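Some structures to go through are shown next.
What follows is chain A paired twice: with chain B in the first complex and chain C in the second.
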Partner chain A sequence: MKTLILLFISGIFSLFGGIFGMRKILPYFAVIALATGISYLVYDSNYGSENLQFMLLFDHYSYLFTGIILGVTLLVTLMSLKGLSYNPGSLGDMIGLIFFILCGAICMISYNNMVMLFLGIEILSIPLYVLVGSNKRNLYSNESALKYFLMGAFATGFLLFGIALIYGATRSFDLDLIRSMSETALNANPVWVNMGLLFITIAFAFKLAAVPFHYWSPDVYQGSPTLVTAFMATVVKTAGIAAFLKFVIYLSPMLGDSWHLILSIISACTMLFANIVALKQTDFKRMLAYSSISHVGYILMAFLNLNAETVSVVGFYLIIYSLATIGIFAALLLLNPDHNSDNGFDLFKGLSKRSPLLAAIISICLLSLAGIPPFPGFFAKYAVFKQTIENDLWLLILAIISSAISIYYYFRAITLMYFTAEEEATSPMPDKNIAGYMVIGFSVIAILVLSLIPGILNF
Partner chain B sequence: MPGIDHYLWLSSILFCIGVAGVLLRRNGIILLMCIELMLNAVNLLFTAFSTYYQDSAGQIFVFFIMVVAAAEVAVGLAILVMIYRNTKSVDVSIMDKLKF
Partner chain C sequence: MILILIPLIAALINLVFKDKMSRVFAVSVSVLQLIYTGFILSGFDKKASGFQNSEFYEWYAQLGLNFSFAIDGISMVLILLTNIGGLLILISSLGNHYPNTARLNSLILLMLAALNGVFLSTNGLLFYVFWELALIPIYFIVGIWGGENRIKITFKFFIYTFLGSLLMLIALIFVYLNTPGAHSFEWSEMIKANLSPGESALVLWSFFIAFAIKMPVFPFHTWQPDTYSVAPSQGTMLLSGIMLKMGVFGMIRWMYPISANACNCNYYVFMVFAIVSIVYAAIIAIMQNDIKRVIAWSSISHVGLIAAGVMTWKAEGVQGGILQMFTHGINIIGLFFIVEVIERRLHTRDLNQMGGLAKNARGFSVVYLIILLGSVAVPLTNGFPGEFLLLSATFKSNTIMGIVAGLTIIFCAVYMLRIYQFSMFGKEKENAVVIGRLTISEYLTLGLVVFFVILIGIFPGLILDISETSVNSLLNPAGGQVIP
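The block that comes next holds the complex of A and B.
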């Protein structure tokens, strides 16, 4: 609760700071505010759960995921110390919007009432439409803002229709009351309940970019500024998955076999389709977009068999995924600091000759995303797969096949970096940016520590 | 006297018209109107359920939807204005630079 208030006030302060010429200190202010927010979170979590009028519930679950998004945002803000060069005039607005997005994300993670879920998703989405389009003169950025806006608003309509049908069946917006009414509602109005659950699932699939509702995601990831893409691929995805997981956990008595079948088909299609299409990409950011879609597919597998482990498995996966993704995007920002729209694989040809350190770091992040054994991505995938092995063996087999496919495109960048002849090398000299190197260094050290001691994250 | 089923059918039909509009039309302004139509169909459904159950929570939700829809349309129109400045058109089908 204190964290939410602090972030909201910091957002307003950043907006005014941008007007009154304090742009130089704003990124540092943001870092301090986020660090304070994390310490408040740790302080609050010692006192157990806090329930705000049955609207927001701050419990262990919410502290875990809020901690993840705040930590990742801290890294993104460090990147933004130099990364907002395309639009320096509106630095205050951008940092303010990032704070408001965090407020929305916390509402999404901690909701205990459908009203807060809806408001959280909207508070998160509306500033994000602006951030995606913040490179105003760039047509790619314009196009991705328009696509993201239309798809986001469209998905909101589906979410609301689903909430309305669930309300019609159970007479309540409160998650606990909906759960306790689920038996009665299923007997009285099975059509309303099932249609409502289907609509809400479709809305979440839109927000998380699961196949077949993913087609906006590669365009938006490619067109928006690299920093915003990094933010979307980690923080927004974490918040969406946390909200969906909470929905599934609370409403599990309502979810029948047909719902399980639908979600497992969505998960299977997401993994297979995204990995196969990623093989053909020529733009690195677009490839990363498909990679993040496929990771959503793996995470959705864990939703099918809920048990005591599920929350910690999903949390662990999200931490590992976010660290590796942030590392890669920070490296991409060093190679292409001007936010050019061209992020082809040429950026990586012969990078090991120009900067062996950066090449090694990118390789570690890519290997972790691919799930090669010594790296923590493997342990995260293993934990998710272990959840599935008992009930959905066919899904597990598809997941293993698709992660085998994914190794090809992750290794493509690594081969280009290391096995390109000197005369063919097209990679630029990386930008000298201490903050960028700090972010990359932190994520790689965290990945290496987690690969040596995977049990260190024990929640 | 119309029952709850009639309201449900009416708002479903309105919602489907909105969805069809978003999928078929190509003018940015009309797309915004179709999204509004979807949200208003939901508003109608909330109000109908709220009256049916004599429970005020549904009507409160409608106010939240109205507020959020207004904020969303403000941002959407700003995006359209930005695009109009750069391309002199609000036709969304010319936005096809991003594809593989």
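The block that comes next holds the complex of A and C.
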């Protein structure tokens, strides 16, 4: 709770700070505010859970995922210390918007009432539409903002419709009450319940960009400024998955076989389709968009067999995925500081000759995303696979096939970096940006530490 | 554990050195490693069945992943091979002038660490982790220092082997979930897994495909000739000399004991694959004009025989397979090094452009011939005892297959002697380049190989004794009478 209030006040402060000419200190302020937020979180988590009028519930679950998004946002803000150069005039607004997005994300993670879920998603989405379009002189940025907005509005419609149907069947917005009513509601109004669940699932699939509701995602990822893309691929995704997981855990008595089948089909399509389409991408950011879609597919696999470990498995996966993704985006920003120009694979040709360190770092991040042992991406994937093998062997086999496909595009960048002859190298000299290197350094060290002692993330 | 840590730490330290220092450093590390292996061997009790020198440290207990290492006779032979082979490879690279030798040496050392890990680990998931870890350095070695068209070929190689290992991962997890009591990846628990014959067969096939890709056995071999011929010779030596033994070792250690329940009929299918690859690869080897490709195909043929012998799952076959893994590893490193010696001077590997090389290189031609005969399995060379055991095991288990497999003796002589004849004898070509004197590092490498060819040829018992007890106890857990 304290964290939420702190973030909200920081958001307002940043907005005004931007107006009153404090732009230079704002990024530092944001870093300090986030660090304080994290320490409040740690402090709060020592006192058990905190229930806010049955609207928000701050428990172990919420602390875990809030911690992840705050930590990742801290890294993104560090990247922005010298970044965000494309729109220096409205730095205050942008940092303010990031804080508001975090407020929305915390509502999404900690909701105990469907109304809060809806509010959280809206609080998160509307600033995000603005951030995506924040490079206002760039055509692609504008296009993607509009696209994202239209798609998001659609998803919101689905979500509201679903919530309304569930409310109609169970006469409640409260998660606990819905759960306790589920038996009665299923008997009395099976159509309403199932339609409601389906609509809400579709809304989440939109938000998480799961196939077949993913079409907005590559365009938006490519069009938005790199920093915002990094933020979307990690923080927003984490919030969406946490919200969906909570929904699934609470409403599990309602979820029948048909829902199970639908989700497993969504997951299978997401993995296969995203990985196959990623093979043909020529733009690195677009490729990363498909990569992040495919990771959503893997994570959704864990939703199918709920048990005591599900939350920690998903949390572990998200941490590892976010670290590697942030590392890659930070490296991409060093290679191509222009947020909205093309990011072709030429950027990587012969990078190992220009900057062996950066090449090694990008390789480690990519290897972790590809799930190759001993990098922690493997442990994360393995933990998810282990959840699935008993009940959905076919899904696991599809997941394995799509992992093998994904090797191709993850290794394309590595191949270009290392195997290109000196004469053909087209990669630029990377920027000398200390903040960027700090972010990359942190994520890579974290990845390496996690690959040596993956057990330290034991929650 | 120390066997893995030495090269691993050395690989990191090595990055600091400049090229010249790094060569000396890498060679001395591998000498140290070999001395330590000798130390372990001297303390190794050949009469004891089961594992020795066990070590256990927790790594990621929630997933069942622990550092558990142990040595038995089978892994002892392979560790010996890995570290002798590693030394040979590093010495042989002294005469090379690749750019960034320091990094190449680091990758080779990293590779050796991973290979030792594969042979030492007694935890299924740990085995998988090292198995994959061995793939990363070789991918970079082939990709960075390889020849023409390397990017496509390394891609194919990597995706092929990675798909195989993912299948193995499924099988491992599946067996893990069926282990009795609290699930465990430890070898001793995994072999107790309750699998129905049908499940066993599935597990068997997933393991088989993974290992068959690595070895490689027909029809999973298509990555191999390209990769071998495009890789730098140190990479080829690593791949053929040591890395393919991972596949055979995996069969002996993991595949058979775990899926012992499965129908025997599967083994016949596997044997047919192995025998087809013996004949098929030998015929293709005869047609090749690139020496490196001849040897690459010959490797498929030889490994096919090893696989066929191991698949009989008789003490004779498995023992022969283990001995032959050792000798094949040494011989193929020697043969690929000979190719490199020739290529350094002639700048070609095309047989049609060679001829009469023997005239100015007496020492070299003798050494070449000895190693070649070792491959052909002439009595008193190291190839003979292993091949004899393997063929006799195959023959006893199925006469027709034994006869077909026996063709390898003839074919092998044909293609090996053909390359010798074309390169060393015949008319000198007009633009002839002489081999001349060998450098010290070349003498040292070839000398060591010849030493092992003759030593094992005369005293095959040196290797057979190490693994005998372990093989017997593996084949007959109850401890029955076994053919010596």
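The rule is simple: the second predicted complex is superposed on the first by the 458 of 459 C-alpha atoms of A that agree within 3 Å, B and C clash if a C-alpha of one lies under 4 Å from a C-alpha of the other, contacts with A are read in each partner's own complex, and residues count from 1 in each chain.
Going forward, a contact is a pair of C-beta atoms (placed from the backbone, for glycine too) under 8 Å apart; a residue touches a chain by one contact, two chains touch by 3 or more.
Note that the structure is predicted; figures quoted are calculated from it, not measured.
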item	value
Which superposed partner A:K386 touches (first chain B, second chain C, both, neither)	second
Contacts of A:A185 with chain B and chain C, given as first, second, both or neither	neither
Partner chain(s) touched by A:I106 [first = chain B, second = chain C, both, neither]	neither
Chain touching more of chain A, residue-wise (chain B, chain C)	B
On chain A, positions contacted by chain B and by chain C	none
Complex interface listing, chain B residues touching chain A	4, 8, 11, 15, 18-19, 22, 28, 31, 35, 38-39, 41-42, 45-46, 49, 52-53, 55, 57-58, 60-61, 64-65, 68, 71-72, 75-76, 78-80, 82-83, 86-87, 92, 95-100
Interface residues, chain C side, partner chain A - complex	58-63, 65, 125, 128-129, 132-133, 135-136, 140, 143-144, 150-151, 154-155, 158-159, 162-163, 166-167, 169-170, 173-174, 177
Partner chain C, residues of chain A touching it in the complex	367, 372-374, 378-379, 382-383, 385-386, 389-390, 396-397, 400, 403-404, 407-408, 411, 415, 418-419, 453-455, 458
In the complex with chain B, residue positions of chain A that touch it	114-115, 118-119, 122, 126, 129-130, 133, 136-137, 139-140, 142-147, 149-150, 153-154, 156-157, 160-161, 163-165, 167-168, 171-173, 218-219, 222-223, 277, 280-283, 286
